[in-house]
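Chain IDs A, B, C, D and E follow the sequence of writing; residue 1 opens each chain.
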Amino acid sequence: MSSPTSTATDEGTVLSAVDVSKHFVVRNAVGDSSVVRAVEHASIDLYAGRIVAVVGESGSGKTTLARLLARFYEPTEGEIRLEDVPVGKGAAGRGYHQTVQLIFQDPFGSLNPVHRVWHNLDRALRIHDRRTGRAERRRRAIGLLERVSLTPGADFLDKFPHELSGGQRQRVVIARALAVAPKVLLGDEPISMLDVSIRLEMLNLLGRLSRDEGLAMLYITHDIASARYVCDDVVVMYAGQMIEGGPKERVIGAPAHPYTKLLVESSPDPDRVGTTSRDEQFADAETLGEPPSLIEPPTGCRFHPRCPFAMSRCALQEPPRTDLGDGHWSRCWLHEEGRADEIGAESYSAALARRTTEPAL
Amino acid sequence: MKTTFLSHPKVRFGLVVVGFFVGLAVFGPWLTGTVLGIDPRANDISAIAAPPSSEHWLGTTQFGQDVLAQLIAGARGSMFVGVLAALIGTVLAIVFGVTAGFFGGRTDHILNFVTNLFMVMPVLPLIFIVSGYLQGTGLWMIAIIIGVFGWAGGARTLRAQTLSVRNRDFVLAMRMLGESNPRLIGAEVLPHLGGWIASMFLSAMIGAILAEAGLAFLGISDSGAISWGSMIQAAQSQSAVLRGLWWWFVPPGLCIALIGTAAAMLNFGVDELSNPKLRSATRRVVRRTRRVERAVAADARTA
Amino acid sequence: MSAPARTRSRTPAAAGRPANEVVLDVRDLTVEYIGPDGAVAACKDVTLSLRRGEILGIAGESGSGKSTLITALTRLQRPPATTTSGSITFHPADGRPGTDLVGLSARELRRMRWSTMSIVLQSAMDALNPVMRLGDQFVDVLRTHYPDLGRNGARDRTTELLAMVGISADRARSFPHEMSGGMRQRATIALALACEPELVVMDEPTTAVDVVMQRQILAQVLRLRREPGFAVIMVTHDLSLLLEAADRIAIMYAGRIVEVGTAAALYRDPAHPYTRGLRDSFPPLHAPLRTLQGIPGSPPDLRRLPSGCPFHPRCPVRVEACVSTTPALVPLPEQEAACLLLTPEESR
Amino acid sequence: MTLAPQLTEVAAPTTRLRVPSRWAFLTRRLGFYLTAAWAAITLNFLLPRLMPGDPSIAIVDQLQRVSGRQLPPETLVSIQTLFGDPDANLGEQYLAYLGQLARFDLGTSISRFPTPVADLVAAGLPWTLMLVGTTTVLAFVIGTGLGVLTGWKAGGRFDAIVTPASTFISSVPYFWVALIALWVFAFELRWLPSSGGYDPDLEGPAFWLSALRYGILPAATIVFSAFGGWLLGMRNMTVTTVREDYVLLAQAKGLAPSRVVLRYAARNAMLPSFTGFALALGGVIGGALLTEIVFSYPGIGYLLYDSLTKRDYPVMQGVFLLIALTVLVANLIADSVYVFVDPRVREQG
Amino acid sequence: DPDGTDGSDEDVPALVYGNTDGGTTYTLNYNVYSPATDKSPNSALVYEPLVRIDYSDGGNLVPWLAESWTFSPDGTEVTFALRDDVTFSDGEPMTAEDVAFSLSIPLEHAELNATGATYEAVEAVSEHEVLVTYPAASYSSLNQFANLQIVPEHIWSEQDLTTWTNPEPVGTGGFTVAAFSPQQVTFEARDDYWGGTFEVQTVKVVPVTQDTVKAQLLSGDVQWGTVSWANGEDEFVALDPDVNHYQLYATGGAFSAIFNTGRAPFDDVHLRRALAMTIPRSDIVATLNRPGTEAGPTGLVDGVYADWLLPEYQGLVQEVDVEGALAELAESGFTVEGGALVRDGQVYNPTISFNTDFGWEAYADIMINSWRDNLGLEVTPAGAPGAALFEQQQTGQFDITINATGGAGVYGVYSGLSSQYLAPEGEQAATNYGRWNDPATDDVIARMASTADPEELRELGHEMQRIVVEGVPYSPIYTSYWFIDINASEWTGWPTPEDFSYIPSPQQGPDTTLTLLGLRRAES
C-alpha cells in the first residue's frame, strides 16, 4: 500500500514524507489510554518552485502532517526525506530547520507580544550566522521585510506585534521564516485567521515566493477555492488518510473520490447563485454526516459510512491507490469496480438522496 | 500602554502606597534620625505609655519609646522580610513552575508532585514549627523559612501559564529557528509571564509580611530588629489591649493592612488591565456608560 | 404566548402571514463604546429593516461592528457599549403596534426575549453552559416562557426540538463537552427555536465549523425557517457563503452599512467599491483563474477613523471629495449604497 | 535536541469523549493525598531529627529551671529512656515511629509528661475543627455570596464600596483583628468573654450555649478576616463568567435574573474556588491558630503555641501532623465536591 | 455573718483563682514527683511538705508537717519530728513510713528527682521520726524539704510512679479535688484538716491569660491572681480601693545582669563594675511602673533580708555613676573604639541576652542606650525565647545575660556562686551561669553549709555581700516580686505587704493554705 510514487519525476524532491503515520496516545481521566491515528500511511513530495495544497475536513490530520514534515513530531512509522536523504530520528536540529520552516495559522500567536519585529528577525539571523555584525543584520532584516512587501522595512523593525494588522503580522512571520533561507515553507492554514480582504495578498505573496524564488511549499487549508488559486497540486485528506491527489484542476474540476466531491460541492461558490434556487442548493445537505472517530476509525474505506456509493467491500477492505494519469490518483473501490463514472454523474446530495431511498448495501 | 497602566486608579493607589513604604524602609533611619529627630529605641521616661501628643505624634510605648519612630523602623524589618522572602519564593516558584511546565514529562511529574505537596501542606503551621525549632533566629532566617515554604501556589500558577505558553506558536516558531531551551525560557516564556511573576511577587511579599507578623506575635522573631509584628507582640505582652493603649497596637496593624491592600490593588489593577472582561466591569467604565445613557435618555425625553 | 408550543410547531404558521411585512425596523442606530478617551462608535447610523421570513445577511471584516450591532439589536449589550441614538422597532405578528426595544425596561424585555427574538452566538463552544446537561438548558427556557408546560412537557418538547436538528433524544442527558462542535452548533440552533421566535439572530453561526458541517447547518436553518417561519439576521465575514444563503445582504464597513441589497444584485453588480473588493476577494471554485488583488490595506481603527468616507484610504476609485464628505446611503434600483460616486436612482 | 513535544497533554479530539469516571479520578486523588500524607509523616519524623535539641534535654532543662537545682546525670539518662531508645539508628527509629503512628501513638508530651500527645491533641482538635470548620464554611458562604453580588453588579455602588473594603479587610492580620475585637467587645463593651472555650461550671445544653457564646468572638474574627479572600476571588470569577457567552445566552433566553445568576454565573464561577481551596484553607488554619492564641481558645492552635514556647517537640510534631492530615482530608473533600459539581473534571496533574 | 458560717454550700461563694501560668487547658496529673513541668495546678492544696519557707523573715524555715528537726553534730544527719495529728484525706493517718517513702522517691527513681535532692538516704526511725542522711555537712540545704511533698505510701507504693498521673489525689492538705475539667479545677475544703477549718469551702482554678485575668479581676469574676500589673495602682486599685488590692511581695531575689566571668572581656572586674555603674535602674523600674524597686548591689533584698544586710548596703539605690564608670573603664585597660572594646589588639563586641518571652527587649534597650551614651560602648541585643535562652545560660553562651538571681535564705541566694557548680563553657551548669570561680567565695559558701550557728551565718553572709558588691559577678537591676491581685468583694482577711507573716499567693504551698485559713466572708 505504500508505494512512494511522485507525480513529477523529472526533478528531485526537496522534502518528502514516505508512508508516514502518526499515532498519539491520549489518556482520559480514568487513565485509560487510547490511540488516536491522526495520520496513517501518508506520502507527499514537495518540489522546488511548486506548491502542494492539502485540503480536508477539520481533524483529518493536516496539521499533524505539517508538523511531521517540520519534524515537530517523530513519525510513528515511515520516514521523512530531505533532498532524498532520510532524516535520522530525533535529529531535527538547526540544520534541518535551516531548510524547512513552518508558518502557523495564527499570526498573532506566532509572534511573541513582548518582542519587537526586530528581535524576531535578529534572532533568526543570528542563530544561523553568528558572524554577521549588527549593522549587517539590520540591513538584511530590512531586506527581508521588503521581500514580503513590508515597505519601507525600516519602519517596521521597531514595532510590536500589536501595532501591526493581521496581514502585516503574517508577513513578519514569513519574513522570519525566510531569514534562515529555507528551501521549504510549510504553511498550516496561513491565511485562515486573516481578514477576507487581505487573504489574496498573502496568497499572492506565497505564490511569488514559490514561483520566483523557487521555494517548495506546502499549503494547508480548508478552503478549496484558495487552494485552487495558489497551488499546483492538491492532496485531499480524510480521517488521517490521503484519499486523492493530483493536479489541482483535475482534482477540483473532476473529483475522483466521493469525499472530494462532497468537499467541492460543500464549498461556497457564489457562481452557483442564480443557476439553481437556493432551496435546491441546500436540499438534503442536512445528512452529510460527520467525520469519524480517529480512535476507532471505520474499517475498510474510512469514508464508507457516509459514502452514497458504498458497497459491501468498502466496509471490509481498504481501497488501493488507483493512478488515473497525469499524476492524478485516488483511493476508491469505484475505480477498481469500474464504477468511476458514477462519481461525476450527479451531485453528491442527489446521490445521497438516491441512496437513502434505495439502500446501496 | 504605560500611560494607561499608570493612570489606572487602583494601580496608582497601589504604587503610591507600596512606594511609600519602600521609601520608609530605605530612608527610615534617615527620616527618624535626621528629619524628625526621634529614635525608635530611646526611652523617654517622662512619657510612659503616653497617648499621642505634639511631642510624640503617635504616643509612646510602656517603655517610653516613640511609636512613630518604631513604626518607621518597623517598616524596614517587615519590608525586609517581605521582599527577601518574596524573592526566594518567586525564584523557587519560577524554578519549579516554569521548569515543570516547559519541559513537561518526567521532570514535570516530579516537580509538580513536589509543588502539589507543598501546596496541600499547611504552610503557616509548618513555618511556625520550623522556626520554633530554630528558636531565636534572625530576620534573615525567618525570611528564608517563609520563602522556602511559601512558593507552591505561585509555582502552580506559573506552571499552568508556562504550559499554555510553551506550546504557543511563537515558542514553537522560535524553537524552529534554532533557539536553545534556556533562551526559549529566558527570552520567550519568562517575559510573557512577567505580569504573573510580578503579581506573584507582590502576593508573596504580603504573605511574608503577614507571616512574619504572625511569627513575631508568637514570639519568634529577631529581638534586635523592630518589625510591625514585633511591635504588636510587645504591645500585647504589656496588656496594651486591655489597657486601651490603642496608639501602640493599632498603627502597626494598619500599616500591614495598608500595604497588603496596596499590593492587592496593584494586582487587581494589573488583572483589570490585562483582562478586558474585568476592565469593562470597573466603576469608572460603568459610571461613564451610565452617564451617557442618562444623557441619551434625557435627550430623548426633550426631543 | 400561553399556547403550548407543540401545537404551534406543527402548524406551518408562516402560511397566514403577509410576506412583505416588516418585523424589525432599525433606524439610525448608533452604538458607542465609552472609553476613557471618549466614545468610539462601533455602529453608526445603522438603518435596516427586516421582513418576515427573510434571511438578512450582514457581512463585513473583523472589527466592522457586526457583533456590536447584534448585541444592540437584541439589547444584550453591556458597559461600556451604549446605544446612543436610534430606534429598534419590533412589529409583532398579531398586528399590535410595534414597540421600540430601546426604551423597554429590563422586565418588559425579559418577557419578550426568546419568544419573539432569539439568538445564536458566535461560538457554540462557549454558548452552552458547560456544567448543565443539554436538556436542562432547553427545559429552563421552556418552563420560563411556558409555565404551564410542566417538566415532562418540556422534556418532550426538547426531544422534539433536538430531533429537528438531527440530534437523538438520549443526547439531552449529555454535557456540552461530550458533544462534537457541529452537534453543539446545531443544538444551539434548536435552542434558538425553542419558543418559536419571530426573529432569530445569528452571529457567525458557521465560522467555527468546516465546510461540510457549514452546509449542513445552513441547510437546516433554511428548512426550519420554511416551516415555523421566522426571520433571520445572519452575521458573517464570509460573503461567499451569504451570497448563497441570504435573501438580502448588508455590507458593513467601519461601523456603517455601506451597501444593502439582494444577494443576487450584490453579486452581479455591487455598487460600492468595498463590496466589489470583497466579492473579488473570493477566488472562484470553477471559473477560470486570474490574479486577484483583494483590497489593499486593512480596516481602519475605529478610534482613528479617516475623515470623510471611512473607506477612502483603501478605495481604488476615490475622488477628492471622499476625504471630506461622508456619503449617505443612496437608493438604487436593487440596492442602496453609500458612495459619493453614486447618484440616487431618481436623478439618474 | 528533539522537537517532539510531550504527547500526553492533548486537547480533546473533537470527536466524542468518553465520560470520565469520577470515581477513578477520586481514586487517583486519594492516591496523591495518601502519598502527601506519607510525606507529611516523614517530614514530621525528620524535622526534629534535623533540628537541634533533644526532648530529654529539654525536660531536664525545664526541671532544672523550675527547681533551680542541678539534676544528676542519671536523671537525664533515665528520662532519655522514657522517650525511646537513644541509640537506635535512623531507620529503626523511623520504623518504630511508623509503628507508633499505626497505633495512633503520637508519643508523650514533654511538659505534660506522661500525658500522651494523642490525648492532648484529641482534647484540642474538636474545638479547632468546630471553630475552623464552621468559620470556613461561613466565610465561604458569605464571601462567595457577596462575591457573586458584587461581581454581578460589578461597577455598581455596592461593588464600589464592598470590594475595596474587603481588599483591605483581607489584608489585615488575623491576630490584629482578634486583638481589636478583644479590646472592643470583650474589654470595652464587655459583651462577650475574652478567653476560653466554654463556661466550665455549666453542663448539658447550657454548656453548649456557653461554648457558642465563647466561640462568637474567635469565630467572628476568623470569618471577618477570611471572607474577603473568597469575595475577591469570587467577584472576579463572576465578572469573567458573566461575560461568557453562555451567560449572555441565558439572559437572552429571558430567564429570571436570579436563575441566571445562580445557575449560570455563580455555579460556574464557583468552580475555581474548589481548586483554590488548598491554598485558602492553609491560610485560614494559620490564621485560626493565631486567633486561638489571642482568645486562649482550647484548640490545637493554642496547644501548638504552648508547645512552641515550652519546646515540647512531641506535641509540636503531633499538632502539625494532625493539622496536615486534616488539611489533606479537607482537600480531598473539596476535590470530591468539585468532581460532582464540574462534569468536565479531568486530571490536572 | 451567721449565714456564711453555717456551711450551707449555696451561700458560700467559691474563691476563683485565675491562673496565668500559660496554657488554656489543664491536663490531669497530680503525680507531684512526675518529671512533667506542667502538672495539674495547685497540688499544694492537697500535698504538703515538711517545712515552710517564711519569706516574712529572711526566708527562714519554719515547721509544717514536721514539728521540729535536729542535726547530728557533724551536720550530715537530720531527724525530722513529725506532727502526729495529720491525716490523709482518705482518713489514714500520716506516719513516718509515708514520709520516708515520699522522700526516697527521688532517690530510687532518678527521673523523678525533679527537685535535685542532695541527701542520700531516708529512714523512718520511729512512728513520728524520720532520719535523713547527707553525704556531707548540709545545714543550709534543708530548704529542699519545702519542695518535697509527702504522699500516702499505701496508695503510691502500688503505682508505676513514672507514668502514673494520680487522677484522684489523696494528700494531707486542706483540700481535695472535687472536679477536674480542662478549663477548671475545683477544690473542696476538708473539714478534718489538721491545720484548722476553712471558711472558704470551694476554690476554683481557671486558666486565663494575663489580659483576661485583669478584666476578670476588675469584674469580680476572678478574685485571686498573680499577674503583674504595670500601673495597677491606677488601673485597678484606684477604681475601688477597698476591694481591689494589688500587692507586691519581694521574693528576696532580683533580676540581674549576669556577666560571663569565664571569658574575656568580662573576666575583668573593672569592666564589670563600669557596666554595672551605668545600668539605669531607675529608668527601668519607671517603665515597669514600679518606682523605688531598684535593687541594691548585694543580691539580697532589703524587705526580706533587713536583718542580714550590711548597714552600708541597706536601702542603697545605685544611681548611674558615669564618672566612676569611666574611671573603672580606664582602669580595666580597655578602650572603646567604634563601639567595641579593645585591649591588647583584641576587639570585643559584647552582646546582652535576655528572655524575649518576657518582652525584655525594651529593658535591654534602656541599658544598651545608657552604655552607648555614657561609655560609647555598643552592646548588641541577643534576645531569645525562654527555652533557648535558658540553654544558652546554662552552657555559658553569653557575654551578659539577664536572669533572676536569688534563692531561699542567704545561703540559697549565694550558693549558686560556688565553683562546685562550675561547668566549662559549652557544658550545662545548673546554676553559676556566670562561671564565677573564686576561692574566697568557695570558702565562704562551704562554711555556710556546715554551720548551724545563726551568728556565724550572718557573718559569712556579710562576707558574701562584700564579695558580690566588689567583684560584681552579677549586678542586680530590680527587685523581683510576687504579684498578688485580689478582688476582695467576697472574701476578706488578706495580709498586706506592710503586715504579713505569710504570702497570700495561690502558688506558695503552705502559705496558700495559711491564706485560705485566714479568709473571711466579706460583709455585703
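Rule of thumb we're sticking to: contacts are C-beta pairs under 8 Å (C-beta built on N, C-alpha and C of every residue); 3 or more make two chains touch, one makes a residue touch a chain.
Predicted, not measured: the structure shown is a model, and the values here were computed from it.
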### Task
Would you mind naming the chains that touch chain D and likewise touch chain E?
B
#### Entry: Chain whose mean Cα position lies farthest from chain A
E
### Message
Looking at contacts between chains, which pair has the highest count of C-beta pairs?
### Response
B-D
### Query
What is the distance in Å between the mean C-alpha positions of chain A and chain B?
50
### Query
Roughly how far is chain B from chain E, going centre to centre by Cα mean, in whole Å?
46
#### Entry: Rounded Å distance between chain B and chain D, as computed from the means of their C-alpha atoms
22
#### Entry: CA centroid of chain C to CA centroid of chain E, Å
91
### Query
Can you list the residues of chain C that touch 2 or more other chains?
78-79, 180-181
### Query
Touching two or more other chains, which residues of chain A qualify?
58, 70, 72, 93
### Task
Find every residue in chain B that makes contact with two or more other chains and list them.
135, 176, 219-220, 236, 241-242, 280-281, 284-286
### Query
Where on chain D is chain C touching in the complex?
12, 14-17, 19, 155, 243-246, 248-257, 259, 263-264, 267-268, 271, 341-344
### Query
In the complex of these two chains, what residues of chain E are touching chain D?
22-25, 27-29, 34-39, 109-111, 113-116, 118, 144, 147, 162-165, 181-184, 206-209, 211-212, 215, 219, 357, 385-388, 390-391, 394, 407, 416, 421, 429-431
## Note on the structure
Within the complex, chain D is touched by chain C residues 71, 74, 76, 78-79, 106, 109-115, 118-119, 121-123, 126-132, 140-141, 144-145, 175, 177-181, 188
### Message
So in the complex, the part of chain B that touches chain A is made up of which residues?
### Response
168-174, 176-179, 187-188, 191-192, 194
### Query
In the complex of these two chains, what residues of chain B are touching chain C?
4, 7, 280-281, 284-286, 288-290, 292-293, 296, 300
